[in-house]
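Order of writing sets the chain letters: A, B, C, D, E and F. Residues in each chain are counted from 1.
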Amino acid sequence: MPFVKIELTREGVTREQKQQLISGVTNLITEVLNKDPQLTHIVIQEINLDDWGHGGEQVSVLREKGITANKK
Amino acid sequence: MPFVKIELTREGVTREQKQQLISGVTNLITEVLNKDPQLTHIVIQEINLDDWGHGGEQVSVLREKGITANKK
Amino acid sequence: MPFVKIELTREGVTREQKQQLISGVTNLITEVLNKDPQLTHIVIQEINLDDWGHGGEQVSVLREKGITANKK
Amino acid sequence: MPFVKIELTREGVTREQKQQLISGVTNLITEVLNKDPQLTHIVIQEINLDDWGHGGEQVSVLREKGITANKK
Amino acid sequence: MPFVKIELTREGVTREQKQQLISGVTNLITEVLNKDPQLTHIVIQEINLDDWGHGGEQVSVLREKGITANKK
Amino acid sequence: MPFVKIELTREGVTREQKQQLISGVTNLITEVLNKDPQLTHIVIQEINLDDWGHGGEQVSVLREKGITANKK
(Lines give C-alpha, C1' and ligand atoms only; values in the text may rest on other atoms or scores of the structure.)
Protein backbone atom coordinates (compact mmCIF):
# COMPACT_ATOMS: atom_id res chain seq x y z
CA MET A 1 0.00 0.00 0.00
CA PRO A 2 2.30 2.74 -1.06
CA PHE A 3 1.18 6.32 -1.60
CA VAL A 4 3.70 8.66 -3.21
CA LYS A 5 3.47 12.45 -3.36
CA ILE A 6 5.81 14.29 -5.73
CA GLU A 7 5.95 18.04 -5.17
CA LEU A 8 7.83 20.10 -7.75
CA THR A 9 8.00 23.64 -9.04
CA ARG A 10 5.57 24.51 -11.87
CA GLU A 11 7.99 24.99 -14.73
CA GLY A 12 6.47 23.46 -17.84
CA VAL A 13 6.25 19.79 -16.87
CA THR A 14 4.41 18.07 -19.74
CA ARG A 15 1.70 15.41 -19.61
CA GLU A 16 4.21 12.91 -21.04
CA GLN A 17 6.78 13.69 -18.34
CA LYS A 18 4.11 13.19 -15.68
CA GLN A 19 3.24 9.82 -17.21
CA GLN A 20 6.95 8.88 -17.18
CA LEU A 21 7.19 9.79 -13.48
CA ILE A 22 4.03 7.82 -12.64
CA SER A 23 5.02 4.68 -14.54
CA GLY A 24 8.65 4.92 -13.43
CA VAL A 25 7.92 5.25 -9.72
CA THR A 26 5.24 2.54 -9.86
CA ASN A 27 7.61 0.12 -11.63
CA LEU A 28 10.40 0.90 -9.15
CA ILE A 29 8.14 0.15 -6.17
CA THR A 30 6.92 -3.06 -7.80
CA GLU A 31 10.49 -4.22 -8.42
CA VAL A 32 12.03 -3.19 -5.11
CA LEU A 33 9.15 -4.07 -2.77
CA ASN A 34 7.17 -6.62 -4.87
CA LYS A 35 4.00 -4.51 -4.36
CA ASP A 36 0.87 -4.97 -6.46
CA PRO A 37 0.79 -1.86 -8.72
CA GLN A 38 -3.00 -1.69 -8.26
CA LEU A 39 -2.28 -0.68 -4.66
CA THR A 40 0.20 2.04 -5.61
CA HIS A 41 -1.06 5.59 -5.98
CA ILE A 42 1.09 8.53 -7.11
CA VAL A 43 0.12 12.20 -6.84
CA ILE A 44 2.08 14.98 -8.57
CA GLN A 45 1.63 18.47 -7.16
CA GLU A 46 3.04 21.46 -9.03
CA ILE A 47 3.91 24.49 -6.90
CA ASN A 48 3.99 28.06 -8.22
CA LEU A 49 7.44 29.67 -8.14
CA ASP A 50 6.30 32.32 -5.65
CA ASP A 51 5.21 29.55 -3.28
CA TRP A 52 8.47 27.57 -3.09
CA GLY A 53 11.35 28.91 -1.03
CA HIS A 54 14.95 27.70 -1.15
CA GLY A 55 17.80 29.16 0.86
CA GLY A 56 15.38 31.78 2.18
CA GLU A 57 14.32 33.12 -1.24
CA GLN A 58 11.34 32.52 -3.50
CA VAL A 59 12.23 30.35 -6.50
CA SER A 60 10.68 33.05 -8.71
CA VAL A 61 13.38 35.41 -7.45
CA LEU A 62 16.11 32.80 -7.93
CA ARG A 63 14.98 32.27 -11.55
CA GLU A 64 15.03 36.05 -12.20
CA LYS A 65 18.65 35.95 -11.02
CA GLY A 66 19.36 33.18 -13.54
CA ILE A 67 19.68 30.42 -10.93
CA THR A 68 18.06 27.22 -12.22
CA ALA A 69 17.47 23.76 -10.78
CA ASN A 70 18.83 22.08 -13.90
CA LYS A 71 21.37 19.32 -13.77
CA LYS A 72 24.78 20.68 -14.70
CA MET B 1 -6.00 18.44 17.76
CA PRO B 2 -6.79 16.56 14.63
CA PHE B 3 -5.87 17.76 11.16
CA VAL B 4 -7.35 15.83 8.23
CA LYS B 5 -6.28 16.08 4.60
CA ILE B 6 -8.54 14.54 1.95
CA GLU B 7 -6.93 14.24 -1.47
CA LEU B 8 -9.19 13.20 -4.35
CA THR B 9 -9.35 13.41 -8.11
CA ARG B 10 -10.96 16.58 -9.53
CA GLU B 11 -14.13 15.13 -11.03
CA GLY B 12 -16.96 17.52 -10.33
CA VAL B 13 -17.15 17.43 -6.54
CA THR B 14 -19.75 20.04 -5.56
CA ARG B 15 -19.66 22.59 -2.77
CA GLU B 16 -22.42 20.63 -1.02
CA GLN B 17 -20.48 17.38 -1.20
CA LYS B 18 -17.45 19.13 0.28
CA GLN B 19 -19.60 20.44 3.13
CA GLN B 20 -20.92 16.89 3.71
CA LEU B 21 -17.35 15.56 3.90
CA ILE B 22 -16.29 18.33 6.29
CA SER B 23 -19.23 17.96 8.67
CA GLY B 24 -19.19 14.17 8.43
CA VAL B 25 -15.49 13.76 9.25
CA THR B 26 -15.68 16.37 12.03
CA ASN B 27 -18.69 14.65 13.61
CA LEU B 28 -17.00 11.25 13.34
CA ILE B 29 -13.88 12.50 15.12
CA THR B 30 -15.98 14.18 17.81
CA GLU B 31 -17.92 10.96 18.42
CA VAL B 32 -15.03 8.48 18.28
CA LEU B 33 -12.35 10.55 20.04
CA ASN B 34 -14.44 13.07 22.01
CA LYS B 35 -12.46 15.93 20.44
CA ASP B 36 -13.60 19.55 20.52
CA PRO B 37 -14.70 20.30 16.92
CA GLN B 38 -13.15 23.77 17.23
CA LEU B 39 -9.78 22.00 17.25
CA THR B 40 -10.53 19.91 14.16
CA HIS B 41 -9.44 21.21 10.77
CA ILE B 42 -10.20 19.47 7.45
CA VAL B 43 -8.56 20.30 4.12
CA ILE B 44 -9.85 18.96 0.80
CA GLN B 45 -7.39 18.94 -2.07
CA GLU B 46 -8.58 18.15 -5.59
CA ILE B 47 -5.97 16.68 -7.93
CA ASN B 48 -6.14 16.97 -11.73
CA LEU B 49 -6.55 13.65 -13.54
CA ASP B 50 -3.16 13.99 -15.26
CA ASP B 51 -1.54 14.32 -11.85
CA TRP B 52 -2.89 11.17 -10.17
CA GLY B 53 -1.44 7.80 -11.10
CA HIS B 54 -2.95 4.41 -10.29
CA GLY B 55 -1.48 1.08 -11.36
CA GLY B 56 1.20 2.99 -13.26
CA GLU B 57 -1.21 5.02 -15.44
CA GLN B 58 -2.60 8.54 -15.27
CA VAL B 59 -6.22 8.60 -14.13
CA SER B 60 -6.97 10.73 -17.21
CA VAL B 61 -5.88 7.76 -19.34
CA LEU B 62 -7.89 5.31 -17.21
CA ARG B 63 -11.01 7.49 -17.65
CA GLU B 64 -10.50 7.61 -21.47
CA LYS B 65 -10.50 3.79 -21.34
CA GLY B 66 -13.82 3.90 -19.47
CA ILE B 67 -12.36 2.82 -16.13
CA THR B 68 -14.04 4.75 -13.31
CA ALA B 69 -13.62 4.89 -9.54
CA ASN B 70 -17.34 4.54 -8.96
CA LYS B 71 -18.78 2.06 -6.51
CA LYS B 72 -20.20 -0.92 -8.39
CA MET C 1 -9.19 7.72 -5.75
CA PRO C 2 -9.28 9.34 -2.39
CA PHE C 3 -6.36 9.31 0.02
CA VAL C 4 -7.05 10.59 3.53
CA LYS C 5 -4.44 11.47 6.15
CA ILE C 6 -5.60 11.95 9.74
CA GLU C 7 -2.99 13.55 12.01
CA LEU C 8 -3.77 13.65 15.71
CA THR C 9 -1.99 13.94 19.03
CA ARG C 10 -0.79 10.65 20.58
CA GLU C 11 -3.09 10.43 23.59
CA GLY C 12 -4.18 6.82 23.98
CA VAL C 13 -6.14 6.24 20.77
CA THR C 14 -7.07 2.55 20.78
CA ARG C 15 -7.00 0.05 17.93
CA GLU C 16 -10.80 -0.02 18.01
CA GLN C 17 -11.04 3.78 17.71
CA LYS C 18 -8.67 3.67 14.74
CA GLN C 19 -10.86 1.02 13.10
CA GLN C 20 -13.93 3.23 13.72
CA LEU C 21 -12.19 6.19 12.09
CA ILE C 22 -11.12 4.08 9.08
CA SER C 23 -14.52 2.50 8.47
CA GLY C 24 -16.38 5.74 9.20
CA VAL C 25 -14.36 7.89 6.81
CA THR C 26 -14.44 5.21 4.11
CA ASN C 27 -18.23 4.85 4.39
CA LEU C 28 -18.70 8.62 4.33
CA ILE C 29 -16.66 8.95 1.13
CA THR C 30 -18.54 6.06 -0.46
CA GLU C 31 -21.90 7.65 0.39
CA VAL C 32 -21.08 11.26 -0.48
CA LEU C 33 -18.93 10.67 -3.58
CA ASN C 34 -20.02 7.17 -4.68
CA LYS C 35 -16.38 6.04 -4.66
CA ASP C 36 -15.33 2.38 -4.73
CA PRO C 37 -14.02 1.71 -1.18
CA GLN C 38 -11.24 -0.44 -2.69
CA LEU C 39 -9.77 2.81 -4.04
CA THR C 40 -9.96 4.63 -0.70
CA HIS C 41 -6.90 4.60 1.54
CA ILE C 42 -6.77 6.14 5.03
CA VAL C 43 -3.61 6.79 7.03
CA ILE C 44 -3.66 7.73 10.72
CA GLN C 45 -0.56 9.44 12.06
CA GLU C 46 -0.16 9.99 15.80
CA ILE C 47 2.03 12.94 16.81
CA ASN C 48 3.88 13.16 20.13
CA LEU C 49 2.70 15.98 22.39
CA ASP C 50 6.09 17.74 22.22
CA ASP C 51 5.79 17.81 18.44
CA TRP C 52 2.38 19.51 18.09
CA GLY C 53 2.08 23.23 18.69
CA HIS C 54 -1.14 25.15 19.20
CA GLY C 55 -1.36 28.87 19.92
CA GLY C 56 2.45 28.95 20.02
CA GLU C 57 2.84 26.31 22.74
CA GLN C 58 3.63 22.61 22.75
CA VAL C 59 0.55 20.50 23.48
CA SER C 60 2.60 18.76 26.20
CA VAL C 61 2.81 22.13 27.97
CA LEU C 62 -0.90 22.82 27.43
CA ARG C 63 -1.76 19.43 28.97
CA GLU C 64 0.48 20.15 32.00
CA LYS C 65 -1.58 23.33 32.45
CA GLY C 66 -4.75 21.25 32.40
CA ILE C 67 -5.89 22.42 28.95
CA THR C 68 -7.39 19.50 27.03
CA ALA C 69 -8.79 19.04 23.52
CA ASN C 70 -11.89 17.31 24.84
CA LYS C 71 -15.36 18.28 23.75
CA LYS C 72 -17.04 20.30 26.48
CA MET D 1 17.45 18.81 5.82
CA PRO D 2 14.25 20.49 6.78
CA PHE D 3 11.20 20.64 4.53
CA VAL D 4 8.38 22.93 5.67
CA LYS D 5 4.83 22.99 4.28
CA ILE D 6 2.62 25.95 5.18
CA GLU D 7 -1.05 25.44 4.35
CA LEU D 8 -3.33 28.44 4.70
CA THR D 9 -6.64 29.72 3.43
CA ARG D 10 -6.53 31.67 0.14
CA GLU D 11 -7.42 35.14 1.37
CA GLY D 12 -5.25 37.64 -0.47
CA VAL D 13 -1.77 36.68 0.72
CA THR D 14 0.64 38.87 -1.27
CA ARG D 15 3.94 37.94 -2.90
CA GLU D 16 5.72 40.07 -0.29
CA GLN D 17 4.02 38.26 2.60
CA LYS D 18 5.02 34.92 1.09
CA GLN D 19 8.62 36.13 0.86
CA GLN D 20 8.47 37.22 4.53
CA LEU D 21 7.21 33.77 5.54
CA ILE D 22 9.92 32.03 3.49
CA SER D 23 12.81 34.14 4.79
CA GLY D 24 11.43 34.17 8.35
CA VAL D 25 11.00 30.41 8.64
CA THR D 26 14.38 29.75 6.97
CA ASN D 27 16.15 32.15 9.34
CA LEU D 28 14.40 30.64 12.36
CA ILE D 29 15.50 27.11 11.40
CA THR D 30 19.05 28.31 10.77
CA GLU D 31 19.18 29.98 14.19
CA VAL D 32 17.48 27.28 16.24
CA LEU D 33 18.95 24.20 14.55
CA ASN D 34 22.10 25.60 12.91
CA LYS D 35 20.97 24.18 9.54
CA ASP D 36 22.47 25.23 6.23
CA PRO D 37 19.73 27.36 4.57
CA GLN D 38 20.63 25.77 1.20
CA LEU D 39 19.14 22.55 2.58
CA THR D 40 15.91 24.19 3.76
CA HIS D 41 12.91 24.14 1.44
CA ILE D 42 9.60 25.87 2.22
CA VAL D 43 6.34 25.30 0.31
CA ILE D 44 3.28 27.53 0.76
CA GLN D 45 -0.05 26.03 -0.29
CA GLU D 46 -3.14 28.23 -0.43
CA ILE D 47 -6.47 26.44 0.07
CA ASN D 48 -9.78 27.72 -1.30
CA LEU D 49 -12.31 28.68 1.38
CA ASP D 50 -14.75 25.96 0.26
CA ASP D 51 -11.99 23.38 0.80
CA TRP D 52 -11.05 24.18 4.41
CA GLY D 53 -13.33 23.09 7.22
CA HIS D 54 -13.18 24.29 10.82
CA GLY D 55 -15.56 23.23 13.55
CA GLY D 56 -17.49 21.22 10.95
CA GLU D 57 -18.17 24.16 8.61
CA GLN D 58 -16.55 25.42 5.42
CA VAL D 59 -14.47 28.55 6.02
CA SER D 60 -16.42 30.19 3.15
CA VAL D 61 -19.57 29.79 5.28
CA LEU D 62 -17.79 31.08 8.39
CA ARG D 63 -16.64 34.18 6.48
CA GLU D 64 -20.23 34.82 5.21
CA LYS D 65 -21.26 34.79 8.88
CA GLY D 66 -18.59 37.39 9.61
CA ILE D 67 -16.28 35.02 11.48
CA THR D 68 -12.65 35.78 10.60
CA ALA D 69 -9.29 34.24 11.50
CA ASN D 70 -7.82 37.63 12.34
CA LYS D 71 -5.93 38.26 15.52
CA LYS D 72 -8.11 40.20 17.95
CA MET E 1 13.18 21.48 -6.53
CA PRO E 2 11.37 18.23 -6.10
CA PHE E 3 10.35 16.82 -2.75
CA VAL E 4 9.03 13.26 -2.73
CA LYS E 5 7.21 11.55 0.14
CA ILE E 6 6.76 7.77 -0.02
CA GLU E 7 4.31 6.40 2.53
CA LEU E 8 4.11 2.63 2.87
CA THR E 9 3.04 0.00 5.34
CA ARG E 10 5.71 -1.09 7.86
CA GLU E 11 6.32 -4.66 6.72
CA GLY E 12 10.03 -5.36 6.91
CA VAL E 13 11.43 -2.89 4.37
CA THR E 14 15.21 -3.16 4.62
CA ARG E 15 17.83 -0.41 4.62
CA GLU E 16 18.96 -1.64 1.20
CA GLN E 17 15.45 -1.43 -0.24
CA LYS E 18 15.13 2.11 1.09
CA GLN E 19 18.41 3.02 -0.59
CA GLN E 20 17.13 1.50 -3.86
CA LEU E 21 13.95 3.58 -3.64
CA ILE E 22 15.92 6.76 -2.89
CA SER E 23 18.45 6.32 -5.69
CA GLY E 24 15.83 5.05 -8.13
CA VAL E 25 13.39 7.94 -7.64
CA THR E 26 16.22 10.50 -7.69
CA ASN E 27 17.62 9.08 -10.94
CA LEU E 28 14.16 8.99 -12.51
CA ILE E 29 13.54 12.66 -11.67
CA THR E 30 16.98 13.62 -12.98
CA GLU E 31 16.35 11.79 -16.26
CA VAL E 32 12.74 12.85 -16.85
CA LEU E 33 12.96 16.45 -15.63
CA ASN E 34 16.71 17.18 -15.90
CA LYS E 35 16.76 18.27 -12.23
CA ASP E 36 19.93 18.66 -10.22
CA PRO E 37 19.90 15.67 -7.78
CA GLN E 38 21.29 17.97 -5.05
CA LEU E 39 17.89 19.69 -5.08
CA THR E 40 15.91 16.43 -4.83
CA HIS E 41 14.87 15.23 -1.39
CA ILE E 42 13.06 11.93 -0.74
CA VAL E 43 11.37 10.98 2.53
CA ILE E 44 10.16 7.44 3.29
CA GLN E 45 7.52 7.10 5.98
CA GLU E 46 6.55 3.66 7.26
CA ILE E 47 3.04 3.34 8.67
CA ASN E 48 2.01 0.73 11.24
CA LEU E 49 -0.55 -1.79 9.97
CA ASP E 50 -3.18 -0.62 12.48
CA ASP E 51 -2.84 2.89 11.09
CA TRP E 52 -3.45 2.20 7.39
CA GLY E 53 -6.97 1.53 6.18
CA HIS E 54 -7.94 0.05 2.81
CA GLY E 55 -11.48 -0.71 1.74
CA GLY E 56 -12.66 0.34 5.19
CA GLU E 57 -10.48 -2.13 7.12
CA GLN E 58 -7.17 -1.87 8.94
CA VAL E 59 -4.33 -3.49 6.98
CA SER E 60 -3.49 -5.46 10.16
CA VAL E 61 -6.93 -7.09 9.85
CA LEU E 62 -6.48 -7.72 6.12
CA ARG E 63 -3.13 -9.43 6.80
CA GLU E 64 -4.72 -11.63 9.50
CA LYS E 65 -7.20 -12.71 6.81
CA GLY E 66 -4.30 -13.60 4.52
CA ILE E 67 -4.81 -10.67 2.14
CA THR E 68 -1.43 -9.28 1.08
CA ALA E 69 -0.29 -6.36 -1.05
CA ASN E 70 2.14 -8.55 -2.97
CA LYS E 71 2.29 -8.55 -6.73
CA LYS E 72 0.61 -11.67 -8.09
CA MET F 1 -6.25 28.90 9.54
CA PRO F 2 -2.70 27.96 8.96
CA PHE F 3 -1.35 24.46 9.41
CA VAL F 4 2.42 24.05 9.27
CA LYS F 5 4.33 20.78 8.96
CA ILE F 6 8.08 20.82 9.64
CA GLU F 7 9.87 17.65 8.54
CA LEU F 8 13.50 17.28 9.59
CA THR F 9 16.09 14.61 10.12
CA ARG F 10 16.17 13.02 13.60
CA GLU F 11 19.49 14.30 14.89
CA GLY F 12 19.07 15.24 18.52
CA VAL F 13 16.54 18.07 18.32
CA THR F 14 15.70 18.96 21.93
CA ARG F 15 12.34 19.75 23.49
CA GLU F 16 13.47 23.35 23.91
CA GLN F 17 14.41 23.67 20.22
CA LYS F 18 11.00 22.29 19.26
CA GLN F 19 9.33 24.88 21.49
CA GLN F 20 11.44 27.61 19.84
CA LEU F 21 10.36 26.45 16.39
CA ILE F 22 6.68 26.31 17.45
CA SER F 23 6.62 29.74 19.08
CA GLY F 24 8.79 31.29 16.36
CA VAL F 25 6.69 30.07 13.43
CA THR F 26 3.44 30.97 15.22
CA ASN F 27 4.68 34.48 15.97
CA LEU F 28 5.89 34.94 12.40
CA ILE F 29 2.49 33.95 10.98
CA THR F 30 0.71 36.22 13.46
CA GLU F 31 2.92 39.16 12.47
CA VAL F 32 2.99 38.65 8.71
CA LEU F 33 -0.62 37.53 8.18
CA ASN F 34 -2.36 38.92 11.30
CA LYS F 35 -3.73 35.43 12.08
CA ASP F 36 -5.18 34.46 15.45
CA PRO F 37 -2.54 32.14 17.00
CA GLN F 38 -5.35 29.96 18.37
CA LEU F 39 -6.02 28.95 14.74
CA THR F 40 -2.39 28.12 14.00
CA HIS F 41 -1.23 24.52 14.40
CA ILE F 42 2.37 23.37 13.92
CA VAL F 43 3.49 19.74 13.60
CA ILE F 44 7.14 18.69 13.78
CA GLN F 45 7.99 15.32 12.26
CA GLU F 46 11.44 13.83 12.78
CA ILE F 47 12.64 11.43 10.08
CA ASN F 48 15.20 8.68 10.66
CA LEU F 49 18.44 9.13 8.73
CA ASP F 50 17.86 5.94 6.72
CA ASP F 51 14.52 7.35 5.56
CA TRP F 52 15.68 10.69 4.15
CA GLY F 53 17.43 10.79 0.80
CA HIS F 54 19.40 13.70 -0.61
CA GLY F 55 21.24 13.68 -3.92
CA GLY F 56 20.26 10.01 -4.30
CA GLU F 57 21.83 8.84 -1.03
CA GLN F 58 20.50 8.11 2.43
CA VAL F 59 21.40 10.83 4.93
CA SER F 60 22.77 8.07 7.20
CA VAL F 61 25.34 7.33 4.47
CA LEU F 62 26.11 11.03 4.00
CA ARG F 63 26.73 11.40 7.74
CA GLU F 64 29.08 8.36 7.74
CA LYS F 65 31.02 10.18 5.02
CA GLY F 66 31.25 13.24 7.27
CA ILE F 67 28.81 15.35 5.25
CA THR F 68 26.61 17.37 7.60
CA ALA F 69 23.68 19.75 7.16
CA ASN F 70 25.24 22.31 9.45
CA LYS F 71 25.52 25.94 8.53
CA LYS F 72 29.08 26.75 7.54
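In this text, contacts are C-beta pairs under 8 Å (C-beta built on N, C-alpha and C of every residue); 3 or more make two chains touch, one makes a residue touch a chain.
By chain, UniProt protein names: A, B, C, D, E, F = Tautomerase.
Every value quoted in this text rests on a predicted model; they were computed, and no experiment measured them.
Chains that touch both chain B (Tautomerase) and chain D (Tautomerase) are the following: A, F. Where touching is counted per the definition, the chains common to chain C (Tautomerase) and chain F (Tautomerase) are B, E. Distances between chain centres, each the mean of the C-alpha atoms, put A farthest from chain C (Tautomerase). As for how the two copies chain B (Tautomerase) and chain C (Tautomerase) face one another, over half of their interface residue numbers coincide.
The greatest centre-to-centre distance from chain D (Tautomerase), using averaged C-alpha positions, is reached by E. Comparing each option in B-C, D-F or B-D with E-F by residue number, the pair that reproduces over half of the contacts is B-D. Each chain gets a centre from the mean of its Cα atoms; for chain A (Tautomerase) and chain B (Tautomerase), those two points are 21 Å apart. Once the centre of each chain is set as its mean CA position, chain A (Tautomerase) and chain C (Tautomerase) turn out to be 27 Å apart. Those residues of chain F (Tautomerase) in touch with two or more other chains are numbered 1, 3, 7, 21, 25, 37, 41, 43, 52, 54. Judged by the touch criterion defined above, the protein chains form a pattern that is neither an open path, a ring nor a star, and not fully connected either. Of all possible chain pairings, those that touch are A-B, A-C, A-D, A-E, B-C, B-D, B-F, C-E, C-F, D-E, D-F, E-F.
Per the touch definition, chain B (Tautomerase) reaches chain F (Tautomerase) in the complex via residues 1, 3, 41, 43. Those residues of chain B (Tautomerase) that touch chain D (Tautomerase) in the shared complex are 15, 18-19, 21-23, 25-27, 37-38, 40-46.
On the side of chain F (Tautomerase), the complex with chain E (Tautomerase) involves touching residues 7, 47, 50-58, 60-61. Listing the residues of chain F (Tautomerase) that touch chain D (Tautomerase) in their complex gives 1-9, 13, 17, 20-21, 24-25, 28-30, 32-37, 39, 52, 54, 59, 69-72.
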